[in-house]
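We just call them A, B, C, D and E in the order they show up, numbering each chain from 1.
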Amino acid sequence: MSTVTEPVRTRPTSVADAGESQLLELSMGPQHPSTHGVFRMDVVLDGERVMKLKPVFGYLHRNHEKIAEHETYLGSMPYTDRLDYICSLTNNWAYALAVEKLAGIQVPERAEYIRVITAELTRFLNHGALIGFLTQDMGASGTPLMYAFRERETILDLFESLTGARMMCNYMRFGGCRVDLPAGWLDQARKFVATLPRFLDEFERLLATNEILMARTQGVGIMSKELAINAGVTGPILRASGVNYDLRKVDKYGIYDRFAFKIPLGEHGDTYDRYMIRLLEMRESVKILNQALKDIPEGPIIDPKTKIRGFKPKPGEAYGRIESPKGELGFYLVSDGTANPYRYRVRSCCMVNLTVLEQLCIGHNVADVVVILGSIDIVMGEVDR
Amino acid sequence: MFGEGILKGLAETARNFLGSYVSKNRLTTVQYPEERLPQIEAYRNFPFLVYDGDDWQQGLRCVSCFICEKECPPKCIIIEKSTDKKPDAVGKPQFYPKVFNIDVSVCMSCQICVEVCPFDAIKMDTDYELSTTNRFSALLWDKHRLAKSNEHYHKIHPTEAAAVDAALATERAKVAAKAKAAAEAKPAAAPATNPNGASTTAADKPVPTASEK
Amino acid sequence: MIPTPVQQADQIFVTLQHRLVSYLPAAFQSVADVILSVIAIVLVFALLFAVTTVLERKGLGRIQNRYGPNRVGPAGFFQPLADGVKSLTKEDLVPRTADQMVHFMAPVLLVLAAFLAYAVLPVGRNMVLANLNAGILFFFAVGTLVELAVFMAGWSSRNKYSLLGAMRAIAQMISYEVPLVLASIVVIMAAGSLSTVSIVDMQTGYSGIWPHWFLFTPWGIAGFILFMIAATAESNRSPFDLPEGESEIIAGYYIEYSGFKFALFFLGEYLGMFATSGLAITLFLGGWAAPFSFLTWIPSYLWFFAKLLLLIVIFIWIRGTLPRLRMDQLMSFAWQFMLPMTLINVFVAGVWHFMPAGVIRWGVCALVLVVPAFLLSRGLKQGKKFAARTYRFAE
Amino acid sequence: MSSLSSYLLVSALIFSIGLAGALTRRSAILVLIGIELMLNAANLNFIAFWRYGPNPQALTGVMFAIFSIGIAAAEAAVGLGIILAVYRHSKTTELDQMNSMKG
Amino acid sequence: MTATFLILAAITIAGTVAAMAMRNLIHCVLALTLGFAGLAALYLQLGAQFVGLTQILVYVGAVAILAVFVIMMTQHPTQTTESIFSSFWFSGSLIAALVFAVLGWAIHSSRLPYGIAPPHAEAAVQPIGDALMHKYVLPLEIMGLLLTAALIGAVVLAIHEKRRSA
């Protein structure tokens, strides 16, 4: 028996429950299949109940910020693709926004529309993939995931024909976008967006009222408003806790004030709310897409004054933030007048959101840990940077 | 009633199961080696060096100006300049790269080298069947491996290549005219206007847009 | 009496076996008889396993709008061959700290136990290896060996995940064995026998074209559904596949197995699924009996396997749709829903026995089953705590 | 030696093994298992006597064995439960160390 | 004294001996299940199908698993036992040996009054059921009561922990 109990540690001192039952320390990850990357959780279990949980990250650390301080401003743009590698276009936008603030560059209208369209498509594919992965974490053998990926493929095709790459788009430039929309792209996009509500209906029929899903998610991992605000959580999981905070409404960056859309808010802050908020946000994204695809004007796509080579903004600092699909993604830049930023810092929504994991998981099951982690929606590329 | 949502879900999967036999658009899978997706024009993969004419060494547009080496974010380009000169794409005598290596195991296909190149010498290829059995030498592409003809460029990015060709042609005509004028006026004068002329071509080139709209 | 061609076709394997055995000296005949049957069972069900793995992957693929395996052989049907070759040629890794002997014994015992269960399943008319007096009891007895094998696998691997998986598996199997047995008790009550052969024989009659299956009674329907739910849990299939929940405890009790031993676990799991499905067919779906009286000319064994495939398809379908339950929900489902429902079902079967035939009997029995089912499911939802929600929108 | 007596001999052997285990092992669980073995040995006797007895139709031995199995199951459940309870109290299942009657 | 009997008896005795003598408690229980299975096979060989299968169901399926669970719950990592036998192992095994000697002598020397040649008898399930429902209905009910009491007792023992930790 020694080998079974070898890794087991008894609870140390508490007289009331010392030796009552044995605790099991379980290392979930970094090779665990449902940690969404190389993430590790040191979990202490009592039976299957989580008593302690320590998130351990840094396995994917690649020195992004320091590399960026040695790159030109443009040279960092492809690296931002790799932060949250599912939503490279929103990362591009956040970085471009920061540099534009720093250098005081104006963005032509058409480019703003393209940015909104690509960002909302990105939001759609991110939320779809997330819900797929979340149900996969619940053991749904991949069916919802495959449906989400079916739609994601089409979005990626659109991205590819626009930017040249499916995931590492490297599309936005300071003052606009790299290339204009190719011929027929808008029609293709309109046609595709018209099919999205049908996909959402299908998705809802498949799982939204499923008893097992409700039992697995309702009342699991409840995040209170206070906790969410105190921890600095942003994005859909903040709104699932009932806080009305969406940078698209708060900052009205880009041209988001031109579109009519609503912010769905949860009440309970549990995993089911986080799941449903994303479904509803996808519907709102479709609304924005329809408006943007209708209104998009002709015109230049990039400020003609922007220089590609030898871009040196005046000394100063700027913080550009957007509502990425996962939360507030911000880039803080300090320029000393040279071609490289003096300081480059990423405000990663994934990492900030991840800090609440322990509070959400304590007292739940091992199986719930995986689901809660899935509902927080992290990408290790952005957490570890 | 308990189980209603489960039954709804079962109906949905059954619909998809049957639908996958009926409608072809449900199946997004492409049976890869037999069927392939249509090549998307904007697609980019790894860089290649464009050459004009038939001789890849003579026709190479690269003048080894080191801009791409400097701008490349992951620093995967290695250039060594030649000591002698040869006429470049527009007809002016220029240095050429003695060594031009790209470590494609480091390259992240960001296209920044293409954007910064003032000579339209480096472009993005679309070849994606690149597996090799040697991860060291086979992934370090040298000048010969990188050199692809202008026809190849036309094949993979027709609109973009046409725009580039047009820009080059006007440039060439300008240089030729200037050379003619110089030859007529003062045969000893050295052609010194090259960098300005080249950068205007680069700025004139918001790549595929002009012709598409 | 000279058998008709239909009967000949029906009994072709039985006569073939007799013919083959008759060439042997009399002393060996009974032994040879058994050996032949065992070989036949092993071959047929191993083949069924191979076919099912392909079918499952293709079916799941189609459900998920994919093609599924279609590369090896015609339409991918030689995929199991490739898988088999792969698992045979893979290195067999055993953790250094593992309990070597137990680690080795576990998959063997699992497959052995799974195959043993087929001894009492009548796959066709006169086609049963052992017509045991207590056949169903035998079935459940060998089923317990599976629990032991699973425990041995999980414990001997010296892995915390496998131990968690084994604990889950045992807790689940023991909990669902009770409703499984109770769900089959209604049939035993009606048939008055524990012998699988006589239970099937009782269901071979027809009134008009309709067969006398136990399914066509209120307690039969309820018993079948309850049995299938419990069987899903017993064979660790989705949505009750917690012991091997790949997203939580990776592969559960067989995480440390590789190569052929891993394939054996796979085999054992599928064989267990076939066996419990076969028992469900035997108990509720008339075994090898044809569903309509005018279809009796189709050989009996074909009917058995057709029904088996139907149940397998349902398993695959459910797997393609549903997420997994949690351990506590699984347990409360077993004890708060399955156990009371099976007990009520036993009661209903008794009422059915003593009431005069007719519509009233049907109605009363159905009512006695439906009302508690409704109330219990309400209880499972914990007083409507689980419900679809509406959301508010902010501008 | 008759067939019956060979069964009886096996039964006696199992009984003695169980007894030896129950008397000598330190672990309370194994002591319980030893007792189970002794019960089983008795069951084997019942079955053997029923089988070789003058009146197999009466099923007396079989019935006795069935009841014995049922009671043994109850005994094992309660026994192991008690071991668990004792363990919670004294943190050991070793009989040598459970030497105090007072909690 | 057929070959089958010899094999089964050997398996049974080997299993029980291993169960009582092995160091690792889990191994003990696994060996014990072998012994129980051998016993069940002996019952089957004797024609007591119902009892044999019930034996497997109850002992392998329930008692052994329960024992395994209890072992896993009660094993302590710090618990390093030098000896698996208690301090009075010598007297204990002596007593057991004496008991076996007496029993063996008794069996050997007694002239069994009946049944040298086994008659063809089988305990079919139906007569057992009949007997349980008619002749032995009172013992059956009492056993049911006993089992219920045991169940409640076990539940009480299990709930005890929950209340304290809560």
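Throughout what follows, a contact is a pair of C-beta atoms (placed from the backbone, for glycine too) under 8 Å apart; a residue touches a chain by one contact, two chains touch by 3 or more.
Treat the numbers as computed from the prediction; the structure is a model and nothing was measured.
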Steps needed, at fewest, to go from chain C to chain D via touching chains: 2
Co-neighbours of chain B and chain A - touch as defined: C
Centroid comparison with chain C (C-alpha atoms), farthest chain: B
Chain separated most widely from chain E, comparing mean CA positions: B
Result of counting contacting C-beta pairs for B-C and A-C, higher pair: A-C
Middle chain, criterion being Cα centroid separation: C
Separation of chain A from chain D, taking each centre as the mean of its C-alpha atoms, in whole Å: 62
Centre distance in Å when chain C and chain E are each reduced to the mean of their C-alpha atoms: 29
For chain B paired with chain D, centre-to-centre distance based on mean C-alpha positions, whole Å: 83
Interchain centroid distance [CA atoms averaged], chain A/chain E, Å: 59
Multi-chain contact sites of chain D, meaning residues that touch two or more partners: 88, 91
For chain E, residues contacting two or more additional chains: 24-26, 50, 54, 62, 71-73, 76, 161
Shared interface positions of chain C, touching two or more other chains: 63-66, 99, 155, 320-322, 381
Footprint of chain C on chain B - complex, ascending: 1-3, 6, 9-10, 12-14, 16-17, 19-21, 26-29, 31
Complex contacts: residues of chain E adjacent to chain C: 24, 26-27, 30, 33, 40, 49-50, 53-54, 56-57, 60-62, 64-65, 68-69, 72, 122, 124-126
Chain A contact footprint on chain C (complex, rising order): 60, 63-66, 97, 99, 155, 158, 160-161, 163-164, 168, 238-239, 241-242, 245-250, 319-329, 381, 385-389, 391-395
Interfacial residue positions of chain A with respect to chain B in the complex: 71-72, 74-79, 81-82, 143, 147, 149-150, 153-154, 157, 160-165, 168, 170, 178-180, 182-183, 202, 205-214, 298, 301-302, 308-309
Chain C partner contacts - residues on chain A that touch it in the complex: 3-4, 7, 24, 26, 32-34, 48, 135-143, 146-147, 150, 206-216, 218-219, 244, 249, 262-268, 272-273, 276-277, 280, 365-370
